[in-house]
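Next, two complexes with subunit A in common: one pairs it with subunit B, the other with subunit C.
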Partner chain A sequence: MRNLSSKSNRNRKWIVLFLTPVGVLFVAFFLYPIVFVTILSFMEWNGIEPMSFIGIGNFRYLFADSVFRTSIQNNVIWALSAALLQIPLALVIALILAREPRGWRFFRTVYFLPNVISLVALAMMWTALYNPEFGLINHLLERVGADHMTRNWLGEIETALPALIFSYQIYIGYFMVIILAGTLSIPKSFYEAAMIDGANVFQQEVHITLPAIRGIIITAGTLAVAFALRQFETTFLMTAGGPANRTPVMGLYMYRRMAGLTYGRAAATGVLIIVLGIVVLSALQRVFGKADAVEDARQ
Partner chain B sequence: MRRNLLLGLLVVALLAFSVSTLFAGAQREAAEREIVLTWPSIWVGQDSKADVMEEIVNEFNQQHAGRIRVVVEPQPDYDGYEDTIRTRLAARRPPDIFTFKLSPTTAVYYSGDLLMDFSADLGRDGWGDTFNQGNLNASTMGGATKSLPYEIGFTPIWYNTELFARAGIDRFPQTMDEFWEACEKLKAIGVVPTSQMTGGTNSWTSMLWYTHFLGSYGGPDVWERAWDDRAFEQAAAIIKRLYSDGNTTRDAIGADAGVSSGHYMNERTAMFINGAWFIGRIRDDAPDVYRATELAPAPKAGNYHGHQVGWLHTNLAAAHTDDPARREAVVTFMRHLTSPENAKRVSLAAGSLLAVEFELGPQDQLDPLQAKFIEAGNQAEFLIDHMEASMPVDVVYELGQALGSMVLEDRSPREFVQMLQAAEN
Partner chain C sequence: MPVARDALTETPLAIRIVARSAKWVILVLYLVIAITPLLWLTVSAFKTNLEIEIAPFSLPAVWQFRNFANAITISGLHQFFLNSIIVAVVATTLNLLVTSMASFVIAREEFALRELFFTATTAGVLIPIIAFMVPYYTLITHLHLFDRLWALIITYSAINIPISMFLVSSFMKSIPRELEDSAEIDGCSFVQRYWRIILPLARPGLVTAGTFSFIYCWNEFIYALLLTSSRSARTVQLAIRFFTSQFRTDYAGMFAAIVLTMIPTVAVYIFLHDKIISGLTAGAVKG
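Here is the complex of A and B:
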């Protein structure tokens, strides 16, 4: 009994020892910033002079600002596009590649490639493609006689946000790889049995693959929505929130407040991004059920 | 037990070794007494001042070898550079040496004791006399000169005389009627009249066009007026027209400075605005356009004419320090960098206009376009600051959005001004 107790104490020491570095990092780089940002969101601060407490003044300012409201709306559109466009596309490609057609490894690499290319470089490439004067898209439209369809894709109110979202679909490879890994881990015998029973490819995918990788799809969807909620770089690099304040997202709005040395407003925006993230991701879990990466792996 | 003891001794020995090494290093550093100053600099890479700046810093390091060493941290992205400086100041860790654009927003950097005050040093040995006194005064607040004026922004209208001649225009328009007539003639030969842009952080080219016309309507003190002054609206009406009827390129909404200048260098547009720092770039990348370029003030739109847009473009600053030796090292470097000889080198090599005054000798080869800049500056009736130097950052950011809204949603110039005003609050 004494032996057991001393062994347990020794284990506890090791547990504490191993958890301490992670705990310190968690407190320093996660907990402390969140607490600081939350406190700062109730302050007026230009980054140089002392802070002053202003209650909910920053939040009141944000909700009175139409650009901020547009930013929330755009973040929601980005999140929806991730859930309804990016994941289904990634799923379809993963299901096709999982059948291992000729050259599937090559296509898997091609689809994943954008994820290892600098986001700035890709943004520049897309900006050039969309350019109305010398961009490839308008050039192709002109070549096929569709001159009337040429646009200033990033400079017109109707097309700017869709153009941004379209350009972002290049990242489907990331989710495709996650889903593909799950799909390839399904035992082949399931499909063989289904074929003996006369199930066609579509039926196999619907009745075997999709239920088997449901957890993985939810995980990928959650990640895609989380990425969309923290969207910043693509918008910043390609439209900077324009034209006419039609494409800003909350991350960009926060950045601008920092550039204007209104750190309290920036912090309040940050707090609302966190709140929105918690609300959206909780709602996703509630609707689609729990998706646990470890659980997925066990499947 | 013995193994644990040995392990413990090993750890103690390792610690002792590390501490002694550190101690020895610190002693050696103290003995050498070399002061290292870090300078995150934007004048690197493709910047027209990069080469000459590198030479100047290297020469300084050689002259002060073993005592002072300036280490340049290259940061070629302008917006990123400003972000870095802002963040480091907020974290109360300013770089030893850095540059910034003095504006109503950045003027707050002068608060507290973050920046070094050069006012006492400027009085020594006539150092302060080498600067343009107007620029020096503009950099002095409450008696403290916490940054040194360095580069001056001066942005007349650039126009391509060959394209003008081809369109049958023999001189730069003096009135708005002449200006619109010239635009029509240029369009008739397939040339887009002006480069414009709403992208970037400040809608650079269009901000300068707007400021030119604002000066014509409001005169030298226009930035001191309230937003309901008619001048803001009248200048906006001209900008709206410049964005319409093919008076600018199709990609102007959303375009950045690279696109805007690219059109001028490719002869797609006939008029463009930028500063003298662009001379090096156009001379190298578009020599024909460089040779065809002349400079002019904006046509007369209101009661004023012949003015130019000119302001303090870049100020040099340093972190405040209580260490007298470090302080002296910073001042020594600043004096080296802003000496008339080095200012002349920078100016001649890069085409920049500087706040440091220097004499040109007969052997000095002044760039022809730079000479035109100087001439345009001398002939200017008055100078006005551009919007970025006169308004908070939030207003400058909003300019591109307000322009987009006015053009794409057909908002009135009054509504355009209201958007800017709202951004200020």
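Here is the complex of A and C:
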């Protein structure tokens, strides 16, 4: 016994030492920023002179600014289209692949490929695809005789935001992979029992698969919405918020406030991104039940 | 799969035919949508500018390999490649070193606040890191790291802590204790247990975490934009942003440069896609 306790005392030093690097980085890059950004959101600060407390002045400024309201609205549109288009598409493809048709591993591997390419490169690629002169999309429309549909996709007010969202949400690889994994983990015996009862493929999907992967679908939806709130690169590089300030998102708005040395307003925007994320997460959990999003998101 | 085939034979013929053809239409259609743009970009990178404009759907008459040499000369991409490699390799190494130390303690030792430490560090994945633009900027400036590669190295290795902690510690928990027990009887110290026994055994977990970290570091844009300003600390992703003005109307050159920037992560994916996909699903499917 004596031996054992002295050993654990000796180890205590090492335990502390081994946890310190992660601890320090976690405090510096996760805990301190939350506290700092929250405090700063109630301050006026240009980064040079001392901060001064202005209460909810920054938030009042944000909601009075029509560009910020457009930004929030655009984030909501991003989120809705993720929930209504991106996730259902990922779900359909995952359900097909879960039946393990010929070559399903190949499809899974190729479908996920764009997810390892940077958003920057993809944004440049899509800017070229949408290009009114040499872009592939207008070329395709001309080829099939739909010349009247060609347009300057990123330059026109009606098409700019949908074009941005499409270029990002067409890549479903990540959601497809987690939904597929969930579906593959359903015991095959469930389906055998259903077949004895004479259930066809669609009935099996509706009555067995969907209830079984409910939690993962909700997790995927929650993550898709969370990603929608973090948008930056696609908009920044493809339209920079234009045309006529129609496409900005909160991340871009925050970057602009920083560039303008109004750090308090930038921090207030950051706080709203975090708060909105928490609101959406808890709202989804209230509506659909607890999905263990925290567990699942920890990849 | 026998089950899937049986399922289909139980289904009426009409539904069976519709289901089967709809299945392949969807799979192939999505394959085309997901991959055509990338193929178009890659093939266009080998064309002349004239071919890109007048023959968008055909292969190049002569494959213009010199587009790539030109792209490097015009953009100075080699320097930014070096910066990106340094940042990605050092940040990933640092991240794996610190998270494997902490994970070792979490997986093997009993101490107060163990659960809290693990929950807090892994829950960090839910935080929208983009909201920390101001704090990271002021932190890096105060550390006198602004516009230096170290700014990105430290930031990236910290941002990847949640994912690595989760992957590495769950892997370490799955390693049987017997080896360590006998090693301890042989007088193996705490540090030796970590360095000589657990770390080599945890290699598969470290490879998965390292792959995620490398891809993240290579592709990261927002904090590279915010925490650096000069060419000396410019990474590949930032360099892409300047292509439009550098190449002007030389689209072939620009496409070649973009294709070059994709090679490292695509190569990693080709060699390690099983690791990546199993790493992603480790969290999604529990028990």
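By our rule, the second predicted complex is superposed on the first by the 264 of 299 C-alpha atoms of A that agree within 3 Å, B and C clash if a C-alpha of one lies under 4 Å from a C-alpha of the other, contacts with A are read in each partner's own complex, and residues count from 1 in each chain.
Going forward, contacts are C-beta pairs under 8 Å (C-beta built on N, C-alpha and C of every residue); 3 or more make two chains touch, one makes a residue touch a chain.
None of these values were measured; they are calculated from a predicted model.
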| item | value |
| --- | --- |
| Superposition on subunit A - do subunit B and subunit C clash or fit | clash |
| Partner chain(s) touched by A:125 [first = subunit B, second = subunit C, both, neither] | second |
| First, second, both or neither for A:193, with subunit B first and subunit C second | neither |
| More subunit A residues in contact - subunit B or subunit C | C |
| Which of subunit B and subunit C A:233 touches, first, second, both or neither | second |
| Subunit B versus subunit C as contact partner of A:56, first or second or both or neither | neither |
| Touched partner set for A:206, first subunit B, second subunit C, both or neither | neither |
| First (subunit B), second (subunit C), both or neither touched by A:133 | both |
| Which of subunit B and subunit C A:245 touches, first, second, both or neither | first |
| Contacts of A:48 with subunit B and subunit C, given as first, second, both or neither | first |
| Subunit B versus subunit C as contact partner of A:149, first or second or both or neither | neither |
| Clash-bearing segment of subunit B relative to subunit C, given 57-65, 75-83 or 399-407 | 75-83 |
| Contact residues common to both interfaces of subunit A (with subunit B and with subunit C) | 47, 133, 258, 263 |
| Partner subunit B, residues of subunit A touching it in the complex | 46-49, 67, 131-133, 152, 154-157, 160, 239-245, 256, 258-263 |
| In the complex with subunit A, residue positions of subunit C that touch it | 1, 3-4, 6-8, 10-12, 15-16, 19, 23-24, 26-27, 30-31, 33-38, 40-41, 52-53, 56-57, 97-99, 101-102, 104-105, 109, 111, 117, 120-139, 154-155, 157-159, 161-163, 165-167, 190-191, 194, 212, 215, 218-219, 221-222, 226, 237, 240-241, 243-244, 251, 254-255, 258, 261-262, 265-266, 268-269, 273, 276-277, 279-286 |
| Subunit A to subunit C touching residues, read off their complex | 10-12, 14-15, 18-19, 21-23, 25-26, 28-30, 32-34, 36-37, 40, 47, 89, 92-93, 96-97, 99-101, 107-114, 116-121, 124-126, 128-129, 133-134, 136, 139, 143, 170-171, 173-174, 177-178, 181-182, 185, 188, 191-192, 195, 198-202, 204, 216, 219, 226, 229-230, 232-233, 237, 251, 254-255, 258, 263, 266-267, 270-271, 273-274, 277, 281, 292-299 |
| Touch list for subunit B against partner subunit A, complex | 82-83, 86, 89-90, 105, 108-109, 111-112, 114, 198-201, 249-255, 259, 263, 268, 392-394, 397, 400-402, 404-405, 408-409 |
